[in-house]
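Labels for the chains are A, B and C, by order of writing; each one numbers its residues from 1.
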Amino acid sequence: GVLSLCCRPPAWDRAPRRPPGLLLTPGRSFSNNKIQVELDEGSGVATMKFKSPPVNSLSLDFLTEFCISLEKLENDRACRGVIITSAVPKIFSSGLDIMEMYGKSTEHYAEFWRAVQELWLRLYSSNMVTVAAINGSSPAGGCLVALSCDYRIMAENPKFIIGLNEAQLGIVAPFWFKDTFVNAVGHRVAERSLQLGSLYSAPESHKLGLVDELVPEEKLLEKAGAVMAQWLALPDHSRQLTKSMMRKAVLDRLVAHREDDVKNFVSFVSKESIQKSLRTYMEMLKKRK
Amino acid sequence: GVLSLCCRPPAWDRAPRRPPGLLLTPGRSFSNNKIQVELDEGSGVATMKFKSPPVNSLSLDFLTEFCISLEKLENDRACRGVIITSAVPKIFSSGLDIMEMYGKSTEHYAEFWRAVQELWLRLYSSNMVTVAAINGSSPAGGCLVALSCDYRIMAENPKFIIGLNEAQLGIVAPFWFKDTFVNAVGHRVAERSLQLGSLYSAPESHKLGLVDELVPEEKLLEKAGAVMAQWLALPDHSRQLTKSMMRKAVLDRLVAHREDDVKNFVSFVSKESIQKSLRTYMEMLKKRK
Amino acid sequence: GVLSLCCRPPAWDRAPRRPPGLLLTPGRSFSNNKIQVELDEGSGVATMKFKSPPVNSLSLDFLTEFCISLEKLENDRACRGVIITSAVPKIFSSGLDIMEMYGKSTEHYAEFWRAVQELWLRLYSSNMVTVAAINGSSPAGGCLVALSCDYRIMAENPKFIIGLNEAQLGIVAPFWFKDTFVNAVGHRVAERSLQLGSLYSAPESHKLGLVDELVPEEKLLEKAGAVMAQWLALPDHSRQLTKSMMRKAVLDRLVAHREDDVKNFVSFVSKESIQKSLRTYMEMLKKRK
C-alpha cells in the first residue's frame, strides 16, 4: 500500500535515536522525558501529552521521543487513534527549537532536520486517527504538528495563537510545511499567511479553516474524545486507504526530495545572515520575559 | 481538441451494449427502460429523468442507457444543454448498484466498472451544459453524477442528503471520484468528508459548496431552466474550451490509468472481506425497509 | 533562485521596445505616456498610476511601458513595494486592447502576446510587494493585473466590476490566466466564473475572495499604504523566497510553454470566427457610448 511506500521504506526508516530517559514499559501506558502517553484499551484511543516546559519546543530529543511514541502506538494493535495535546499551560508547542539551529555543526543541523522530516512523515501518514486538542498557542512547527493531524479542535481562548510564522523570524517554511498548509486552508490563504508569517487567534484560525472547531478549554478533551469516536466508527481499512489517497502526493514529494531538503536546510541555516536573524529573535524572546 | 482526446479515443469508446428496451425514436424525445429524455427544440435543452424505482440505482443496464442517452444528445446539433433530474420521489440516485458488485464473476466486475468509468468520462467532459436538479437524496455514485455536472441545484428539503459515503460501506472512493470532489469543494472538505463517508443535508451541502444553490422543491425545474438559459447565453465554443481547460487534468488522469483502475476495482471487490462488508450493508438496508 | 529562473532567462528577457514618449528621468519619479510612477524614498514604496484614457486598455505600448516601469523599480534598491492604481475615474483597466487583436498581421499578434506574457511573468514573480488599489472596474486583463499582485483592495462602490469575462467575448482565457485565478479563488469558483465570463460587483468579488478587502474609495490609497507597511515589516528575503515557492509551479508552466502559447494565441485570434466575434463586440461597445 501507499502508506508503506511513503512511510516505511528501508532507505530512511532508521531506528530513531533512543534517548536515555525513555521507559519502554511492558504495559499500555508509558512516559518518558518529554511526552506522556496513555492508552485506553477499551476505546483503543491513546492520549499523548507534551510535557516539556516551558514551551514544548521541538528539540531533537523531543522529536525523537515523539517518533518513538508514535511508532509504538502505530504498531500496537490495541491502538486505533491518538489525541495529541499539551500538559503545559497556555502552550501546545512553540515549534522547532531554535537552539538546535543556532551555533551548531552542519552534522547536527542535518541530524535535527532529518528528525523533523521523520516526525512529519510519520504523523501525516499515520494509520491511526489523529486528533489535535490544541489547548494553547501553537506557532511554526507547533502549527505543523496540528496541521498534520486528521482533525483540529482548539480552545476558544482568543489569546491562543496559531500559524506558520517562519517569515517573521527571517526564515522560510519548507515546501512540505507549505503543502500541508495548502491542503488545509487552500492556496490563497496559505500564500498570504506564509508571506506575512501570520499568527491567528483561535477565532480567526477557525474562520480560515486552520482549525476545524473551537470549544471552551475545559471541554477540549471531552470533545476530542467525541470526535475520535465518530472517526473510529468507520472501518479502519477504508478510512486508511482514503487518507493515504488524499495525502500521498504531498508525502511522496518529500520522500523523493528528502536529502535535497536536508542539504537546503543545512546550507540555509548555516548562513551568517540567518544565524544573525535567529540570534536577534532569541534576544527579543529573552527581553520579553 | 481536448474533449476529443479525453472522451472519444478509439481505445475505449466502444459502442455501449444496447439494452433490449431502448427505443431509438426518430423524433426528439425518447424513452427507454430506465431514463426518460425530452428535448425542447426551441431552447435546445433536454431534460433527462431517472425513472428506475425504487432508488435509481446505477446498475449496468442503467449506466448503459445513461451513456447512450448522453451520446445521442451530444451528437444532436439541436441540443446544447441537459438538465438531469429524477422521476422517483425523494431520491435522485442511490449510486452504484451493490448487486453488480456482489457475488459476480471478475469479468462482470470489469464490465461494470468500465461502464462506470465511461459514464463519468462522458458526463464530466460533456460539450453540453449540464445542470443537476437534485430532487432527492443522492449518496455515493449519485453524488458523483451531480458533481460531474456544471451546476448543482438541490431541493431545500433538509431530509435530502448527498455525499460520497463509500467509506461507510467499507469501500473506498476511487481517485477520480476524489479528484472530482476536490475540484468542487477543495482539498480539506474532501479529505474529511471522504474519510468519514459524510452525508450532508441539503443546507449543509450548500454551505460546503457541494451544491451551488437551494430552492423549494416545486421551483426546482423552473430554476434549473433559468440557470441553463444563463449558461446558454454564452457562445458554445469558448464555454466548451474553458470547461475542457478546467477539467482536462482530472479527465486525463483516468484515461491514462483506465485499465489499472479496472484491475484495482476487480481485485478490491473480489476480496472476501469486501464481499462481507457489502453483504452486511445489504442486510442492513433490508432490515430498514 | 527561482525568481531568476522564471523571470530573467536570456531566452525571453529581451529589452522591451522603448516607446518614444518615455522619460527616463535621473530622479526617483518618472512619467511616460501612459503610466505615472512616483517613488517615496522614505518608505521605499512606489505608486504606479495608469493614465491612458478612456479605459487604460492594455495596448502594446501600454504593456511595454508597464514592463519598463516594473523593471526600473525592480532594479532600484530604494524600492521595496509598489501600489498599482488608476488615474482614470471609474476604471482600473479594461484589459487587453482589442484593437491589437483585430485585423493585424500574425507578426503583430505574436509581438502583442509576448508582451502580455512578459508583463504577467514580471508582475506575478516580482520581488517587490505588489498591492492593487482597484479604484474602478477591472474586467479581463485588468482583472489579471490585479490577480497578479500580492494583495487586492477595491473601492466598495457596487458599480465597479471585476472578473475574467473573456468567454463573453467569444474568446478563452489562456491557461496561465486560469492558473492565476485558481490560485486566488480555488478551482470551483474559477471553473464556474470562467465558463460564464462572470463580472462581479465589488461586494460580490470580496465575498468570493477575488479581492481581499473593500474600503470607501476616498480611503483606498491610505489603506493601500497601511497594507504595504504591514507587508514591508517582514524581512524581504524570507518573504521573497516564500512568494516564489507559492507561485513557482504556475510561473514555470508558462515559461516551459511560452512559444506554444504564442502560436496558440496567433492561430486562435487569426480565425475568421474569432475576428467576427471581436468585431461584434467592438460594435456593441461603440453603440453603448
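The rule we apply is simple: contacts are C-beta pairs under 8 Å (C-beta built on N, C-alpha and C of every residue); 3 or more make two chains touch, one makes a residue touch a chain.
Quick caveat, the model's predicted, so the values are computed rather than measured.
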item: Interface sides of subunit B and subunit C: same vs different residues, half threshold; value: different
item: Turning angle required so that subunit A lies on subunit C, C-alpha fit (0 to 180°, nearest 5); value: 120
item: Rounded Å distance, subunit B centre to subunit C centre (Cα mean); value: 39
item: Sites on subunit B at which at least two other chains make contact; value: 186
item: Of subunit C, residues touching subunit B in the complex; value: 166-173, 175, 178, 186-188, 190-192, 194-197, 273, 277
item: Subunit C residues touching subunit A - in the complex, by the definition given at the top; value: 150-151, 182-186, 209, 212, 230-231, 234-235, 237-239, 241-243, 245-247
